[in-house]
Every structure is written in structure tokens, then in C-alpha cells.
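Shared chain: subunit A. Partners: subunit B in the first complex, subunit C in the second.
Take a look at the complex of A and B:
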């Protein structure tokens, strides 16, 4: 029996759960001996003119070795906007010298012998700022009255698509239009950002940093600092979560390398949680307008989506996000007409980046909310409306109105599966009973059907690298260009290599995140790792067995075609002659048994699924309790159900959190209101029920494993299902829409308003 | 997230701690469980020059019956109160409320004296204590004095405790089989209350409806003159001055105060009739 598809327990866990992994902050490395600690002085003002920065007192503080600000940084060009569609004027200075553009903008940095001395010294840097009006919302940004970058002449970083044609919904019996907020959230990885850098006598710099792809981070840092990439060695230690916000490098990482050169000593930086909540990229941040039109029999004829993407102060991945939202706007539906338009806008807030799903959850949230609004308007069951409009099953590529090419889909089957598993009819009956009784606690049933795109970088030449070597002692090493930070690649990649070679999982070491050893790699993001990196390992193991056959053929004086792998001995034997063979380890004694390979997938894959959520809403207080989350998540062939379920669990939890709890808030002046974990309510186990996971697996033809991505699916499906469930619970009271997060106060107020309107 | 510089004084007796307070005046803060003070220090919202650690003083953690009252040592941790058999029998509102504080880590560190001294209006145990009524026993250089709980909390982070005084004991009446309830409204289980209502024996106290925990006096008066629970609870927010934050504006807080008071009174009445 193949090891693939079995619940191999994570080989990472004993270390992670006992003495702990080695995160960047934990590094003990000769190169970092005597490292100085960097503490950034950040703007406390969202938008303003810097009048003066006085570092003289800080220079005299205990333990301070150096203080740097803009005047010391004349050797670096500003960080370029970096995206072809964004005006070049929207670049970021390393140190704000004239203008600060968000609370968290870097003004100066102190280097101290000890870390604690840095916070004391930072308080002694005196910054005088003349406050300017702050642009806090996308609506403010669109007015173009206050400009973040006056030289650009606009706050619009990028614009996509045309306005909705005036006659777009002509002929529709029913049209519903609704503004929908997909709020800004913080990724909150358990490990905050961290970096350390040391220059060697050979003129090379070694940078250790917490990221999701060493190779991309290296390229970015080398580019920003104007360094020959050959002089940069980037190492990714263990990483405690990223959720997209650790893709590539942050300016602070490059600055640590610059500081180490400037100070002539190694430098280390580990941010604290408050710094993380304003300094690390945020996610989502879309103000949408959905419009949906069709006939009263439930057929949707046209769907339109307008996205105003909040990008924060400086362009990162923000301007790209709405393009993914637009691409996935048609979702799982056979709408005859789909229109999408987006504007990406600069605001005086923390920059927006990729966050678990990155643009696709926003597309699903919009269309799933629109369908419920349409269903409510025509008085039809939302499951029925969905079934009427879903694309019929297809197993040949389907090209959508927005140009996405879905590999395969069985959306109706996914919806039916989740409805069956949840006992949909009984739930509706229970809901009807409670409504009739006028119970204080009302039942809400929400659903979503989703399709997403994973491995979206496929076709852009990304591919993925893998190297496998068998050693004479019978162990093997796998090098991968992916960058695990919680996903379990050490286990899964070893399983894939073991399946081909017979080498036991516990004898296979998976190595990642060292640009000297692994020069090419795409990292871990966009749910790409298994379908690209795992497939590359599969290819490497296959090629290694072929290479071994060639070598063994000489030794055994047999035709390579007559040799077969014997998994029980991790060796090769002549077909029909048991025992007469040679192990891979023995072959490695003669000369290194090693292959390097690169896997290029035929295209991205389109995992899909359906979620059903049951909530109980206390109509007197507005508080929601999630009772059930039932999900179908089709990620193709599953290599390790334990790991796949872990991804689903984490994704669902983060999705529930966005629907109910999480929101990064700013006041009208751009001051962050959620810069500690006392104020930023991330979800915990006490707010979640046990999840009910339903299996469905449609293998993809895009890779030999048949695997599609699973990292983000849970988030994409659960957010709209929870959101719809909360509104469904109070729909009979006249409520049609409540923006996320559906806090108790918002739900209570929506009920109050609906009742007032009802009595008029 | 690193506190400013401070010196740590490890007190070995109550007298020792008071001597340190006398010496350092308002440069000193008492450190008990540290779960309110240390976060403020890490955010540099508090920067005491001296921390007087009282966690090593023996004999500060106890729950015992003393006449008509239950006496609770100021150093009693929430977890100890939560699991205490005497408290469960004599004043069950307290161990239940203790079980609602934060999370297990907080309950294993935080102390009743610490939460009383901190005077955060969004605190669980002070709300329950105020509903119970009773006294705070404090000790200073001149000896001990007793401050009624109703006069102890003066406002946000403000109490009747003098600079050189230490809380040594909390005393509350034995409520026995009287009905009680603590209704805490949060978004997440481990949060501070957005609003909370404690009810026992016709008395009601509210969390987070003013600068400190407060009694719902209009409700209590209505109950005393025989009003129904619904009528009395509708007056719960009278005389309060709730603040507004991201969780709740004033109107919603007032609504919650009325709702939670009604629920607490109903639950207390149910418990009382079940016990009878």
C-alpha cells in the first residue's frame, strides 16, 4: 500500500512541541556574535511634514552604539513602487525625511548593545511633525483632495476595467445593489517579523529572516540595496506563521543588512507585537459594490462588482489584489454577463499585502453575499438559487467571462454533499420553528460555494526546484524551493520521496530556505507548495530511481529495463529474481546518487468546495455563536489527510474570525485603534465548534500527484458562509445586510433599524 | 514592549512592603499577580521606579468564615478562589465570577487584592464584590483600617487606598442560599466584559458603565419597592456614564446594562427558588 494518502504524523512536531524550533530570534550562530540590536523609531502621526528629528540625546543613552536617520542614508535609492501599473512617484524612502505617510513609517533607528536598551533610547529621539489631514478611507482617497504623493497627482495607485455600462442590467426583472465591506485585517502570525545580518570578510552578507520564500526575499533585498545577488546569502530559519504577510522581504530586513554594513557589526531586529500590528502588512481592505440582476424564477442574468482596494501608504501587493478579485468574480456560476471594475488607492495606513487567499476570498465573499441578497429579494431558498446558477459539472477546461481557465469542477455535487451532511432540510425546519415561536435565540444557516485559483504563478516561469540525494548510510536529503512555516512539508515531501524510493520517512531530511544551497525556489504562498514543490520532489525521486537503475544495471549486469524498485529494501532488484539486487545506499557508496530537477506544471489548479454554517444569534444582545461548520473542500488527491485537515481547520478558523471578530481600525486621524492583542480580537478555540469535514477529491491533471492547493480554501469558503448565516438568522426581522465583522453591536443595531422601518 | 527601568523590591512581610511604600512614595507600585500592571508597564503607560513584589509574603492567600462574613486574603489567586470549597458554600457568586476572569493563565497569576486595587471598571471580581457589599481591609504605617467596598472605587484606576497602604483582606457577607448571578457580555470568552451585571440578594452591580464599577441603584430601589424584574431592570443604566469604544457605543452599553441586569435578576431568582 502506498504511503501517500495516509495519516503520517508530522515529523516536525516533537521538536516544535518540546524544546521548540529555532526562529530567527533564537539563532545561535558564530556569524552573529556581538550582534547589535536595532530598534526603529516610527511615526506616531498618520500624515505630516517632518520638521525635525533630533537624535542627540539618544546617542548618549546607555548602550547606544549608533543612531541613524534620513541624513545618514544617502547611499540608497528609495524603495521603488515596484509594479508597472503604479506611478513611479509612489516610492518609499528608507527613512521618512519630509513626509510621514502612516503611523509606523520609519523615521530613525537606534543600535544598542542590548535589546532592552533600544526601547529606552528610542524614547529619547525627538521628532517634530506638522500634522496634515489624513486619508483614512478609500472614499477619502478617491476625492483626491489630500494627496499622499503630490508628485503623482492622484491617490489612485492603479485602475482596472471600465465603469459598469448604464444598460448592464437592462431586461432584468430584479436588480439588487449593495455596498459590502471586506474589512482590513491583521495577519497576526505567532512569530513576529525578525531579521539578522552579518557581513563576512569575503564581502558577502548573510541575512537570516522570517519569510515565506528565501529566493524571492534575497532578490528583493539585493535589488533594493543595489547589491550583486551573488553577494547575498539568505537563510530562512524556522518560521512561525506568515499567512502571506511574510512573502518576499520587508524594507526592515534590507535595512538590517544595510545597518550591519554601516555599523561594521552584525545587527539583529525582532519586532514586538505592537510594532507588528502597525508595521507588518495587513490584508483584505476592499470596499465593494455588488449588483446582481435576474428573473424571479431565480436565474441570474448579470453580475457586477466594483472594488475599491485600500492599499495603505506604500504599494506592496495591494494594487495586485483586485486583479485577482476581478479574475475570480464569476466564481462558480454560469452568469451570462459579468462585469468588474477596480481602483487601488493610497491611504495613510499600513500597507496592504497578500493575506490567506489574497484577492480570491474577496471575490467569493462578494458574489456569495450578492446571491443571498438576490435570494432574499425574490423570496427563494438560497441553496435553490445557487443550484439554479451553478456551472454544470465539467471535466474539460472551462474559460470564464473574466478569462480564468478552470481545470475541472463539480460544484453542484459539492453543494449537495454539504447540504446532505448538514441535514439542510431539518435545519430549515428548526429555523422555522424558532421563528414561529419568536425565540430569543434564532438559528441562522449560511452557505457558500467557492472556486479558487492555486499555484497562480504557474505559467509565469515559476515552476519549482527539488533535489534529492541518497547517502551511503541509507538516509536521504531532499532540498526544496518551497518554504514551510507551519504546513508540514518536512513530513509530506519525505512521504513523496519515500513512496518512490522506499527510504523510510524518518530517514529523509527535508531542507529549505538557504539560497546558497537552493538558488531557485518559489517559496510557499498562494497554496502552491504541494502542486508545484511536492510535484517537483515526486519528479526528483522518480528521476533518482531512473538514475539508480542505470548505475545498478552496470553493477548487476542487467538491462535497466529489467530492474525494478524494491520498496521494502530501498533498492533495485532484477524483475523475477528476488534478493538479487543492490540498495540505493550501496549505489551511493560508489559515487554520489543525486538528482536536481525542476517541475513545471501545466497550469494553475482550481480547488472548489462548499461550506455550510449554522449560527445562533441572540436577538436581544446581537451576539452570535457558531454552532456548526460543515465543509466540502476538494483539493484533488490528498497526500496526507492529517496535514490537509490541519490546513482546512486553520483556514476555517481564520475565515470565521473575519466574519465575526477581526478588524483593523483607525480613527479619523489615522491613529490605529487595534495595536495590541487586547484590542485586536483574533479568534481562539473558545469561539469555535468542532469542524465537520466532508471528503471530496477530484484529481487535477496539472501534476502527477493530482493535488490542488488547500492552504487558503478554508478561509475562502468559511467567511461568506458565516457572514450569510448571521444575516440569515435575523432576516425574518427584516434585516438584509450587515457588514463584517458582524459584531454584537452591529447585529443589534440592524435589528433595531429593521424594526423601526417595519413599523413606519 | 519592554518596561522602562525599575528596581524590584521583594517584600517578605506586609510591614516590609509598607516600609517600601513609605520610602518610595508614588514612585513605587505593588506587584502581586502582575496581570494588570505588567502589560501597562510593557506599553510604558506605567513606569514605576520601584516595584514592590508581595507575592513572596506568606499567609496572604486564604478564604475563611469569620462570623457572618467570609474573609479572603488579598493574595488569593483567582484560580484558588474559583476552586475554594468554603467560598462555594458561603458566597458562590465569587468562585463563579472568578472562573469568568480571563483565561487559565490569568487566573493562576491574578489576585483578588490586585484586581480590587487596580480599579478597572471592566473587571469581573470587583463587580461581584460590589454587588455583595462588604469591606476592604487595608494596612498602612499606622496600622489597619477598613473601607466599605461602596466607597473604595473612586474612578478609573482610582481608589480610596492611600499611597502607603496595602490591601490585606476582603470581607464579604455570607450569602448562603440567596440567589445570585453574574452575567458577563464579551465577544470572546477570555475578554474583559463589554458590560457585566452581578446580582445577589436584591443588589445589582455593573461593570464598564462608568469610571469604576457601579451599583444599579435605580434598579435596586425599584426592586425594594416591589417592582417586577422587567420594570426594575429597565432602570439599570440610570445614573451611569458609560464610555464608547470599538465594541460598544453608549447607547448599546446602556441597552446591555438593562438586558444583562434583567437576565441576572431572573437567573438569581431562579437559583433562589431552586434552593428554597
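Take a look at the complex of A and C:
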């Protein structure tokens, strides 16, 4: 029986559970002996002119070795926007010298012998800023009255698509239009950002940092610092969660390397949570307008989406997000007409980046909310409206109105499965009873059907590198270009290698995140790792067995074609001649048994599924309790169900969190209101139920494993299902829409307003 | 100032700044790095350790406040032969950890939950772990792990007593 598809417990865990993982802050490394601690001084004003920065008192503080600000940083060019569609003027200075553009903009940095001394000294840097009006919302940005980058002449970082044609909904019996907020949230990996750097006598710098892809981070840092990439060695220690926010490098990582050179000593930086909540990229941040039109029989004729993407102060991945939202706008539906337009805007807030799903959850949220609005308008069951408009099953590629090529889809089956598993009719009957009785606690049933794109080519190619070597002691090493930070690649990649070679999982060591050993790699993001990195390991193991056959054929004086892998001995045997064979380990004794390979995927994959959520809403307090989350998430062939379920659980929880609780808030002056975990309502165990997962697996032809992505699907499906459920619970009271997060106050207000308007 | 305490069965005595947090003492002075720090507001629980039998967020205690105390960290749970504590075992078998950052604190807090209530309902586990945040697991498998550990008997709610932990 193949090991693939079985619930192998993680090989990472014994160490993680007894000594703990080794994150950047935990490193004990000779190269970092005597490292100085960096503490950044950041703007506490959202938008303003810097009048003066006085570091003299800080320089005299105990333990301070150096203080640097803009005047000390004349050797670096500003950080370029890095995206062809964004005006070049929208670059970021390393230290704000003239203008600060968000609370968190870096003004100075102190280097101290001890960590606590840095906090003390930072307090002594005096910064004088003349406040300018702050651009806080996308609506403010669009006015172009206050400009973040006057030289650019606009706050628009990028614009995509044309305005909706005036006659787009002509002929539609019913048209519903609604502004929908997909609010800004904070990724909050439990490990904050951290970096350490040391220059060697050979003129090379070793950078350790918490990231999702060493090779990409290295390339960015080398580019920003103007270094020959050959001089940069980037090492990714264990990483305590990323969720998209640790893709690539942050400027602080490069600055740590720059500081180490400047100070002539190793430098380490570990941010605290309040720095993280203003300094690390945020996610989502779209103001959308959805419009949906069709006939009263439930058929949708046309769907239109307008996205105003908040990108924050400096361009990171923000301007790219709406392109993914637009690409996925047609979703799982056979809408005859789909239109999408987007504007990416600069605001005086923390920059927006990728966050679990990155543009695709926003597409699903928009269309799933639109369908519920349409269903409510025509008085039809939302499941029925969906079934009427879903694309029929297809197993040959399907090209959408926005140009995405879906690999395969069985959307109706996914919806039916989730409705059956949840007991949909019984739930509706219970809801009707409660409505009839006028219960204080009303039941809400929400659903979503989704498709997303995973393993998309983000410019680094849709492939991945892998190397496998078998050692004479019977162990093996696998090198991968992916970058696990919780996903369990050490286990899953070992399973894949074991399946081909018979080497036991616990004898296979998986190595990642060292640019000297693995120069080429795409990292872990966009739910790409298994379908590309796992497939590359599969390919490496397959090629290794072929190589072994060639070598063994000489030794055994047999035709390679007559040799077959014997999994029980991790060796090769001659077909039909039991006992005559040689192990891979024995072959490795003579010369290294090693294969380096690169797998190129046939294309991205399009996982799909359906979620059904049951909530109870207290109509007197507005408080929602999530009772059930039932999900179908089709990620193709599953290599390790334990790991795949873990990905679904985590994804679902982050979707529930966005729908119900979490939001990054700024006041009208651009001051963050949620910059600690006491203020930011990070979802806890008490706010979630246990989840009910339903199996469905349609293998993809894009890779030999048949695997599609699973990292982000849970979030994409659950966010709109929870959101729709809350609104459904109070729909009979006349409530049509409530923006996320559906906090008790917002729900209560919506009920009050609906009752005042007497729309029920 | 001088602080003395027993950490994982081993006596420690060190000269520290009065303001030094217990979490930093354990990490930077004693050199036990499993205990993590995930926030500045006693919100996340990544730094949870057991002090004199109670699960405590070590970022909220000064090292000086633990004077004379018995402190157990994640490193102190497994037996001398490497045998996993029932809670460690359950977290592995139920896939109760992903990135691992919340795990040391979560495991210690979970032991505290079972110390208070050896046979909790799912709801009681969730309420007991409300002060420990996890971004990866959605808590689903953490709850399962605690329930599974509870079935292993009273040892799941206890820390090893007076055991020397090699480092």
C-alpha cells in the first residue's frame, strides 16, 4: 500500500514539542556572537513634514553604539515601487527625511548592546513633524486633494479595466447594487518579523530572517542594497507563521544587513507586537461595489464588480491584489456577462500585502454576497439561485470571461455534498420555526461556492527545484525550494520521496531556506508548494530511481529494464529473481547517488468547494455564535489527510475571524486604533466551533501527484459563508446587508435601522 | 539584583536587572528558548510556563517575582529517557501544532486546563485556552489534543516534579 494518502504524523513535531523550533530570535550561531540589537524609531504621525530629527541624547544613552537616520544613509537608493504599473515616484526612502507617510514609517534606528537599552534609547530620539492632512480611506485617496507623492500627481498607484458600460444591465428584470467593504485585517503570524545579519571576512553577508521564500528575499535585498547577489547568503530559520505577510523581504531585513556593515558588528532585530501591527503588511482592504442583474426565475444575466484597493502608503503587493480579484470575478458561475474594474490607491496607512488568499477571497466574498442579495431580492432560496447559475461539471479546461483557464470543476456536486452533510432542509425548517416564534436567538444559514487559483505563475515560473541524495547509511536528504512555516513539508516531502524509493520517512531529512545550498526556489505562497515543490520531489525521487537502475545494471550485470524498485529494502531487484539485488545505500557507497531536478507545472490549478455555516444571532445584543462550519474543499489528490485537514482548519478560522471579528482600524487622522493584541480582536478558541470537513477529491492533470492547493481554500470559502449566515439570521427583520466584520454593534444597529425603516 | 529559582528541576541563581521579565530571563539568561514571546499585552499566551503548579504568562511576571519558585517550561516536560509527556504526545498525534510558535505556551496552558478540570467538555477546553492564541490550527486539533490527553489520565494535567532536565 502506498504511503501517500495516509495520516503520517509530523517528523517536525518531536523537536518542536520538546525543545521548541528555532526561530530567528532563538538562533545560537557563532556568526551572531556579540550582535547588536536594532530598535527602530517610527513615525507616530500618519502624514507630515519632518522638521527635525535629534538623536544627540539617544547617542549618550547607556549601551548605545550608534544611531542612524536619513542623513547617515546616503549610499542607498530609495526602495523602488518594483511594479511596472506603479508610478516611479512612489518609492520609499529607507529613512523618512522629508515626509512621513504612515504611522510606522521609519525615521531612525538605534543600535544597542542589550535589547532593553534599545527601547530606552529610542524614547530619547526627538522628532519634530509638521502634520499634514491624512488620506485614510480609498474615498479620500480618490479625491486626489491631498497627495502622498505630489511628484506622481495622483494617489492612484494603478488602474485596471474600464468603467461599467451604461447599458451593462439592459434587459435585466432585476438589478441589485451594493457597496461591500472587504475590510483591512492584520495577518498576525504568532512570530513577529525578525532578522539578523553578519558580514564575514570573505566580504559576504549572512542574513537570517523570518520569511516565506529565501531565494526571493535574497534577490530583493541584494537589489535594494546594490549588492552582487553572490555576496548574499540568506538563511531561513524556522518560521512562526507567515500567511502571505512574510513573502519576500521587508525593508527592515535589508536594513539589518546594512546596519551590520555600517557598525562592523552583527546586528539583530526582533520586533515586538505593537511594532508588528503597524510595520508588517496588512491584508485585504478593498472597497467594492457589486451589481448583479437577471430575471425573477433566478437566472443571472450580468455581474459587475468595482474594486477600490487600499494599498497603504508604499506599494508592495497591494496593487497586484485587485488583478487577482478581477481574474476570479466570474467565480464558479455561468454568468453570460461579467465586468470588472479596479483602482489601486495610496493612503497614509500601513502598506497592504498578500494575506491568505490574496485577492481571491475578495472575489469570492463579492460574488457570494451579490448572489445572496439577488436571491433575497427575488425571494428565492440562495442554494437554488446558486444551483441555477453554477457552471455545469467540466473535465476539460474552461476559459472564463476574465481569461482564467480552470482545469476542472464539479461545483454542483460540491454544493450538493455540503448541503446534504449539513442537513440543509432541516436547518431551514428550524430557522422557520424560530422566525415564526419570534425567538430572540435566530438561526442564520450562509453558504458559498468557490473556485480559486493556486500555483499561479507570479513571475518566478510555475515550477520548483528539488534535489535528492541517498547516503551510504541508508538515509536520504531532500532539498526543496519551498519554504514551510507550519505546513509540514518535512513530513510530506519525505512521504513523497519514500513512496518512490522505499526509504523510511524518518530517515529522510528535508532541507529548505538556504540560498547557498538551494540557489533556486519559489518559496511557499499562493498554495503552490505541494503541486510544484512536492511534485519536484516526486520527480527527483523518480529520476533517482532511474539513475540507480543504470548504476545497478552494471553491477548486477542486468538490463536496466529488468530492474525494479523493491520498496521493502529500499533497493533494486532483478524482476523474477528474488534476492538478487542491491540497495540504494550500497549504490551510494561507490559514488554519490544524487539527483537535481526542476519540475515545471502544466499550469495553475483551480481548487473548488462549498461551505455551509450555521450561526445563532442574538437579536437583542447583536452577538453571533458560530454553531457549525461544514466544508467541502476539493484540493485534488491528498498526500497526507492530517496535514490537509490542518490547512483547512486554519484557513476556515481566519475566514471566520474576518467575517465576525477582525479589522484594522484607523481614526480620521490616520492613527492606528488596533496596534496591540489587546485592541486587535484576534480570533480565539472560544469564538470558533469544531469544523465538519467533507471529503471530495478531483485530481488535476497539471502535476503527477494530482494535487491542487489547499493552503488558502478554507479562508476563501468560509469568509462569505459566515458573512452570509449572519445576514441571513436577521434578514426576516428587514436587514439586507451588513459589512464585515459583523460585530454585535453592527448587527444590532442594522436590526434597529431596519425596524425604524419598517421595511419588514 | 540576584534571583534564584528552580527551572525544570535545576537550581538557577543569576544577577539580573530588576525590570527583567521572566520570559526574557528564561530565554536569554537560562538559555531555554522554547518559551516564545508573541505580544506585549499578555494577550497571546505564547510565553506560558508553569510556576509553582499554576500556568502563568511569563511576559507578565518579573524574574524577581519568581524568586524561589519552581518553574517548568516546555523543555521540562519529557521524561529523562525522552518519553513525551501525555500532552506533548497528544499534540503530535492530533496534529495540534503547525508553525509551532504558540505551541510551547499552548501545551503548558493545556496542562493547566487539565490540572483544573481533568475531564473537560470541548467548550471548557476552549474557554480554558481563551488566553492562548494560535493562527495556524483554528484550534480544532488543539481541542482534540487536549481531549485525547485527558483520556490518558491524571498525568496529562501534571508537570514532572523535581526532575533534572539536562540542557
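Things to note:
The working rule: the second predicted complex is superposed on the first by the 754 of 760 C-alpha atoms of A that agree within 3 Å, B and C clash if a C-alpha of one lies under 4 Å from a C-alpha of the other, contacts with A are read in each partner's own complex, and residues count from 1 in each chain.
What we mean here is this: a residue touches a chain if its C-beta (ideal position, glycine included) is under 8 Å from a C-beta of that chain, and two chains touch if they have at least 3 such contacts.
Since this is a predicted model, take the numbers as computed values, not measurements.
Residue contacts after overlaying the shared chain place A:678 against subunit B and subunit C alike.
In the superposed model, more residues of subunit A are touched by C than by the other of subunit B and subunit C.
In the overlay built on the shared chain, the residue A:12 is in contact with subunit C alone; subunit B does not reach it. By the touch criterion defined above, A:200 reaches neither subunit B nor subunit C.
In the superposition on chain A, A:119 contacts subunit B only, with no contact to subunit C.
Once the two complexes are laid over each other on the shared chain, residue contacts for A:272 go to subunit B and to subunit C alike. Using the contact criterion defined above for the overlaid structures, shared-chain residue A:643 touches subunit C, although it does not reach subunit B. Legend: residue contacts after superposition of the two complexes on their common chain; A:392 is shown touching neither subunit B nor subunit C. In the superposition on chain A, A:21 makes contact with subunit C only, not with subunit B. In the superposition on chain A, A:686 makes contact with both subunit B and subunit C. Subunit A uses residues 115-116, 272-274, 676, 678, 684, 686 to touch subunit B in one structure and subunit C in the other.
Only residues 1-2, 4-5, 39, 43-44, 185, 187-192, 194, 246-249, 252, 255-256, 259 of subunit B touch subunit A when the two sit together in their complex.
By the touch criterion given at the top, residues 9-10, 12-14, 16-23, 25-26, 28, 115-116, 187-192, 238-241, 243, 272-274, 485-488, 642-643, 645-646, 649-654, 676-678, 682, 684-686, 688, 690-691, 714 of subunit A touch subunit C in their complex. Contact residues of subunit A toward subunit B in the complex are 115-116, 119-120, 123, 272-275, 620-621, 623, 660-661, 665, 673-674, 676, 678-679, 681, 683-684, 686-687, 743-745, 748-749. Residue ranges on subunit C touching subunit A, taken from their complex, read 17, 19-20, 24, 27, 33-36, 38-44, 46, 74-75, 77-78, 82, 84, 88, 91-93, 95, 97-104, 107, 122, 125-127, 129-144.
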